[in-house]
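By written order: A, B and C. Residues from 1 in each chain.
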Amino acid sequence: MPIIRIEVMKGRTEAELAAIGQGVHRALVECCGVPERDHFQVITEHEPGRFIYDPGYLGIARTDGFVFVQVFFSAGRTTEQKKAFYARVAELLNIQAHVRPEDVAIALVENTPENWSFGHGVAQYLTLPKDQWR
Amino acid sequence: MPIIRIEVMKGRTEAELAAIGQGVHRALVECCGVPERDHFQVITEHEPGRFIYDPGYLGIARTDGFVFVQVFFSAGRTTEQKKAFYARVAELLNIQAHVRPEDVAIALVENTPENWSFGHGVAQYLTLPKDQWR
Amino acid sequence: MPIIRIEVMKGRTEAELAAIGQGVHRALVECCGVPERDHFQVITEHEPGRFIYDPGYLGIARTDGFVFVQVFFSAGRTTEQKKAFYARVAELLNIQAHVRPEDVAIALVENTPENWSFGHGVAQYLTLPKDQWR
């Protein structure tokens, strides 16, 4: 499971928020081998002054359209997979939700398979063969 | 310290929310050796469309009663402790807050003792003997 | 990049919230070598019953003025840097936002440089020389 936390400034439409969430999930499926149904997200809208970003760090011009995506998942993805994921998120959010590529920041936090339970109080990634993670 | 982030859909009663928080804490104390007073949590209620879950991943039938629990704590718990913790959370949330066991998902994120300060700007886990962590 | 998540109880002024965010950032810049412009934060205000803290864990007397700071950043800071950071946060939040030093708790979560993208779908910490992280 990844659990994904997405932060945006207040003011986006329902359709945009849905497209942002779906774009991040789609990129995980395509680039990181995440199962199609492994889809868990929290999307939070913030008032001004509660979501702080620098408008120029690393020479990138950010606006209030800034989207911050934090993905918690198990370690094991390669650097190439992560790079492909970043690029695909920026692309999909631009196409589907009109987010400027400059306004997409992403951070990954990795743990281990034993650190997940998906229900019934069971650590499924320890008890269920990988070909049944669907 | 663990810091625990609990996500639920809007609509639960105050009593249910309190019971969910207390159940997660109780399970940490019983199964993972967390001190009784080491109790720090953030509980967030979400509108539809802001808290996304798959209703069938891994063959588990989830509903809008879905509760996601993310625990940040120091590494050092065994796999057996973690498995006992998952089972006890599902059990206590069912008994005390009427949460279906299918609707409880948990993720752990581990760090190290030097990564905590509990007040006064001091890294207590480096300066205080473990028998005084209470 | 650090991404910083700050939790407070509802009721603080805009000026206090801004001072809390700026104090945490200032301490990161001074003590942990974080670039001045590397400033990204989420500040969340909570209703009673949604932000739980123990009023006496480790012998520290906490009040509803409690502030919890969670910092996600790349590994590499020394224990000495982290200890200096904790002390400086407590000091700055006290001076600038009237937060009692007892009411400041901090947790760090570390990842790796390849786990960050700051825009354009690129992993800047892999592609940009460190002397250009500004």
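Observations on the structure shown:
The rule we apply is simple: a contact is a pair of C-beta atoms (placed from the backbone, for glycine too) under 8 Å apart; a residue touches a chain by one contact, two chains touch by 3 or more.
Given the structure is predicted, the values throughout are model-derived calculations rather than measurements.
Fitting subunit A to subunit B on Cα positions gives a rotation angle of 120°, stated in steps of 5. As for how the two copies subunit A and subunit C face one another, under half of their interface residue numbers coincide.
Taking each chain's centre as the mean of its C-alpha atoms, subunit A lies 21 Å from subunit C.
Residue positions of subunit B touching 2 or more other chains, listed in rising order: 44, 109. Of all the residues in subunit B, the ones that touch subunit A in their complex are 7, 44, 46, 49-54, 56-58, 60, 62, 68, 70, 79, 82-83, 86-91, 101-110.
The touching residues of subunit B, counted against subunit C in their complex, run 1, 3, 14, 17-18, 21, 35, 37-45, 72, 109, 111, 114-124, 126, 128, 132-134.
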